[in-house]
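Each of the next two complexes has chain A plus one more chain, namely chain B in the first and chain C in the second.
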Partner chain A sequence: MRSRDEGEQRRPAVFSRDTRRGVDYCHVALSTAKIVLGKAAHSLSRIGDELYLEPLEDGLSLRTVNTSRSAFACFLFAPLFFQHYQAARPPQRQPPRCKVLMKSFLAVFRSLAALEKTVERCCITLSPESNRLVVQLHCKHGVTKTYNLSFQECESLQAIFDPAECPHLLRAQARVLVEAVSPFSPALSEVTLGVSRGRRVVFRSYLEDDTDAARAMMTEMSLSEDEFQQLQAQEGASITFCLKEFRGLLSFAESANLSLNIHFDVPGRPAIFTIEDSLLDGHFVLATLAEPQAGQEPGQGPHSTTHQDDFANDDIDSYMIAMETTVGEGVAEGPRTPSPVSEEEEAESNVIPGTPPLKKFRSLFFGSVLAPMEPPSEPNPVLAEDSEGEG
Partner chain B sequence: MPLSTQFEDGNSQCILVAILDNVRNLSNILKAIHFRDHATCFATTNGIKVTVENAKCLQANAFIQAGIFQEFIVREESITFRINLTVLLDCLTIFGSTPLPGTSTALKMCYQGYGNPLTLFLEEGGVVTVCKINTQEPEDTLDFDFCSTNVINKIILQSEGLREAFAELDMSSEVLQITMSPEKPYFRLSTFGNSGSSHLDYPKDSDLMEAFHCNQTQTNRYKISLLKPSTKALALSCKVSIRTDNRGFLSLQYMIKNEDGQICFVEYYCCPDEDVSDSES
Partner chain C sequence: MRFRAKIVDLGCLNHFTRVSSTISKLAKTCTLRLSPHKLYFILSDKVANGGVSMWCELAQGNFFDEFQMEGVSADYNEIYLELMPENLSRALKTAQNAKTVKIKLTNKHCPCLTVAVELPSLSSSSRIVTHDIPVGVIPRKLWTDFREPVLPEFDVSIYLPVLKTMKSIVERMKNISNHIVVEANLKGDMNLKIQTDLVCITTHFKHLANPSWALEDISQDRDLEAMVEARIDIKKLLQFLAGQQVNTTKVLCNIVQNRIVHFILLHDEVSLQYFIPALS
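Showing the complex of A and B:
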């Protein structure tokens, strides 16, 4: 996005409201902006099946959450990002919120090459009256593509997270991180990121316990501290998270030539990946694998089993509904233990960010999978022995 | 050329002999209509017409005129046979469908008449492959009775402008709706899928528009599953002529330039789906 900052094609933006028609417009006309929007859509599509679109006064927000609710992503495009941006203002009416199928939104931006070559202007209109999200692409040769996407009105999707609460922070150019994860197999689902001796940052493939260690391939990439713009984490800190979602954000950040911040805490607490420039910011919140033996006090064990029992009896549907209603029901409950994390929860104005409202949703996806496992403190301590024993 | 001399003796028994220096000039154009396994071939002294049909609603014709071949002999007034097009294409591309630069596969094609197989001699770099493909009883093909005097609207577009549109067709929509009109929106392709509708509008003064002759507004729907195969022809073509007649029948004519710069035509006919009662705009 630096190129756009410097580019002379940048045009003044209008931020007004068409009260007569009561619709919301954004025109994406900048030659790079439409690509950025398309890439954001591609990046979000790696996570969720539904896209939550909200025209706010401070910009257009695109959000998604995955089906297991272990990953949340959000982009906010500032009004200045658009050639023209106009949103309903709260005093007059509630800003419309809607969700569309990710697949149908992505269909509009499917071909980034075509977007770059043929699309001259993109216009997004959300009009609750017609119940359609209209995306118009004005292309070369006067061709116009109009997509009328059906949407559902919904409540705001919000995750509660506060990067400031995470003690550890890594900051690096996206390019550096892209190179670091590129050797990992596309089939690999999780990767462990840690700070090892000599303050080297290590990415290591995470093998699940039932993996046959003799057959598995371990990949490890070690980066020197110099590669990072900021490295604020003690040696031994490590987290394990999903690689696919991470790659999604990385490819976006790389194309925009941005730096990526990784905020993280102890294993089991969500990691927050952020990018930022003057016209947009992006947040990905990913659940991390809980490793009870790694860096947590012994009293933690019973707690986590209790949570997992909670989870087993929990009605996921009711939780999903809770996410889409504005009732901050989780706030009152949820005793504050050091580890519980609700990485996504409805944020109302009365919800204090960072409050862990419903501990039972802690690392929802991984928590349930991991319950019977005992992840070793060192991910791969016995690789060699195993293979010898079998040979 | 060894082919023309080597098999000289058999030539007199053949009612069809066709010799081609570059087999891709034939195989490429057949690919444009390859959406069903079987095809009917008609040969006259003018050339060969290969027809593929689907669901009694769609017909695709490829015309390979005599001039495309280096030698083209037809010893009867007309020759008709049915053949497995998939097998024919597999044989024609037996040396690979993407040849090394500078090499080409030569073809000699012979047919001795009803009940005989179609014999292909393919030669590349001194290697000769002989393929015999059984022919089948010819079937009657559909007559769409598409007559140029009944044409109401006609548009000629550069194929480039339609390629992306057809590649990205929302296949969750049952129909592709085509609107042609002397007024706005001039030429519109619409789909109505699970996730909503989409419209693609081409203004009549667009650079892509080579000709625009629309006399009255017509909106017709065609089964998208029937039209999707025409994407193959679109991909190879440089121009496409889109015509509709007074019954709403659709004719798509694709102009395809082969590797030697010669021009061939592929044509698709399609019946309209139903009368448009409630169209979403």
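Showing the complex of A and C:
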């Protein structure tokens, strides 16, 4: 949000006058921007099954992670994005953070066409005390659709990533990237992106080991450097990532007519895909295959011997620490397989409990991991056990 | 063996794309035969295909601006490749609005037909899409499997009704029965019949055209109204009808009583034949 100045970061949140609901709630309303929110929901649904909502002073954050923890996505909508934005938060309580089933949230915004034509206003209210995320669509002809979504309180889902640490950057209009990946079959899982000789940007279909190489068609799209707004990468740099997940952000970026940045490093390090405008920003962090393809300059040729399972073992795990508490169990789970890198960062950046983590997506840290758990206010039905990261 | 060809004209490209799309709907795997003047897509009547066979012939000059090939030897100046036409069709579909399309035989990790598409771009330098389609080179000793089918003496020849209509009827019949009887006479009548334990359904088409040569050669005491029929697998018939891209094409249907149903169409200088054997 480039238009904000430093002082605004310290502006106290607006408290709701409606004390019936208690002060700890978030309320947003949008009209024309509802489509954008709906599209963001569609985009996030390509990644994960659970949607984490966190109303921050800086805006409403929607985040998700995929089950194998190899992809993390988040959108932050600034308060000005909404007609009305209140993330009320008394000093003594944590801001309400919840997760809902992606499927349930998406059901509200499933038909973008209907959203555009018949829905006049959309209101989202988060009420921890009633444990409901209420989405109301005020439609034409006096029809109001109210969706009551159960949510589960949880800790903040955050990822450690810093685009500034990535030596390579590729920036292009979303439309160029959409056209660049259009030759690939929608069924293709992974794609390799690289810079070839002559500084051409090359996308190539990535075929797994177990694909019958004798039968699979290989497709490559090569574009001139001139088509990109920025290309900061040397020849030979390449990464392989999940195309399907990338398409999720790409279609959103295209509909919003934005440029997309791809920050990347060596194979194995996560690639960070970002978009932004004055009212929102989005980040998709995708794991990349650890081993470069054998014989690999993009623009050359054959298939790698690396198996797709490498995705699961990639460094992204050490960047991903999501602590989730199933309220009612009251058990705090420790950070998952932290690497030395992330532990160091945690030590450096402990955040005082009670204050919201600073929203600085560009240099991320995981402060609240070690913050003490607060006791649950009332038992909540466990919607879905987190079966990952036990111990 | 060498093969290089180039298409520059968008009309030719679209036409070739349509042909490859039709072929891809008729066969999962087929043989591409390249000769100096013609290209053929061939499906031979193996048991695996259910006895169905296909023969599609194009004059290369109608599509390619450049066409160079060197066959396996001077005496046998042809190339036979086994490929999945779906790959070729998908590759060509990425070439809408292409400046040029080049197709060549290459040897990457295995023999491939490489389709290189040059697309316009926002910058001075074009975009290039390359598809490597794995192919199998068919050795000369197996070429006899892919000879042009000899047409039998047909008992009746008739032009099909509007394909779209016929297709929608056969589509509904497919849900009821696996087999369909195709019958026709020399008076412009054609019937499609299905029969199960519970129901019989017949669709009658009238006032269709019979080719003039079919009416010339017949013996005097031949009853023009007598129906000639063959019972065939309904899915194969539907596959043929669904593959046709252009509705106005005149498709000729030839039937040998209880033996075979043969379709032949000639459109835009491409000839396509499809044989469906009768079920016993």
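The definition used in the following text is that the second predicted complex is superposed on the first by the 258 of 391 C-alpha atoms of A that agree within 3 Å, B and C clash if a C-alpha of one lies under 4 Å from a C-alpha of the other, contacts with A are read in each partner's own complex, and residues count from 1 in each chain.
By definition in this document, a residue touches a chain if its C-beta (ideal position, glycine included) is under 8 Å from a C-beta of that chain, and two chains touch if they have at least 3 such contacts.
What you see is a predicted model; the values in this text were computed from it and never measured.
Novice: Regarding the shared-chain residue A:E227, is it in contact with chain B (first), chain C (second), both, or neither?
Specialist: second
Novice: Report for A:K145: first if it touches chain B alone, second if chain C alone, otherwise both or neither.
Specialist: first
Novice: Is A:A107 touching anything from chain B or chain C once the two structures are fitted on A? First, second, both or neither.
Specialist: first
Novice: Regarding the shared-chain residue A:P183, is it in contact with chain B (first), chain C (second), both, or neither?
Specialist: second
Novice: Under the stated touch criterion, which partner chain does A:A164 make contact with: chain B (first), chain C (second), both, or neither?
Specialist: neither
Novice: Output check: A:M218 vs chain B and chain C. Expected answer is one of first, second, both, neither. What do you get?
Specialist: The answer is second: A:M218 touches chain C but not chain B.
Novice: Overlap the chain B and chain C contact sets on chain A and report the shared residues.
Specialist: After superposing on chain A, no chain A residue contacts both chain B and chain C.
Novice: For chain A, which residues are in contact with chain C within the complex?
Specialist: Residues in contact with chain C: 176, 179-180, 182-183, 185, 200, 213-224, 226-227, 301-303.
Novice: Using the touch definition from the top, list the residues of chain B that touch chain A in their complex.
Specialist: It comes out as residues 161, 164, 168, 170, 193-203, 205-208, 280.
Novice: Inside the complex, what are the residues of chain A that reach chain B?
Specialist: Listed in rising order, the residues of chain A that touch chain B are 100-101, 103-104, 107, 110-111, 114, 118, 132-133, 141-150.
Novice: Mind listing the chain C positions that touch chain A in their complex?
Specialist: By the definition above, chain C touches chain A via 84, 87, 90-91, 94, 108-110, 121-134.
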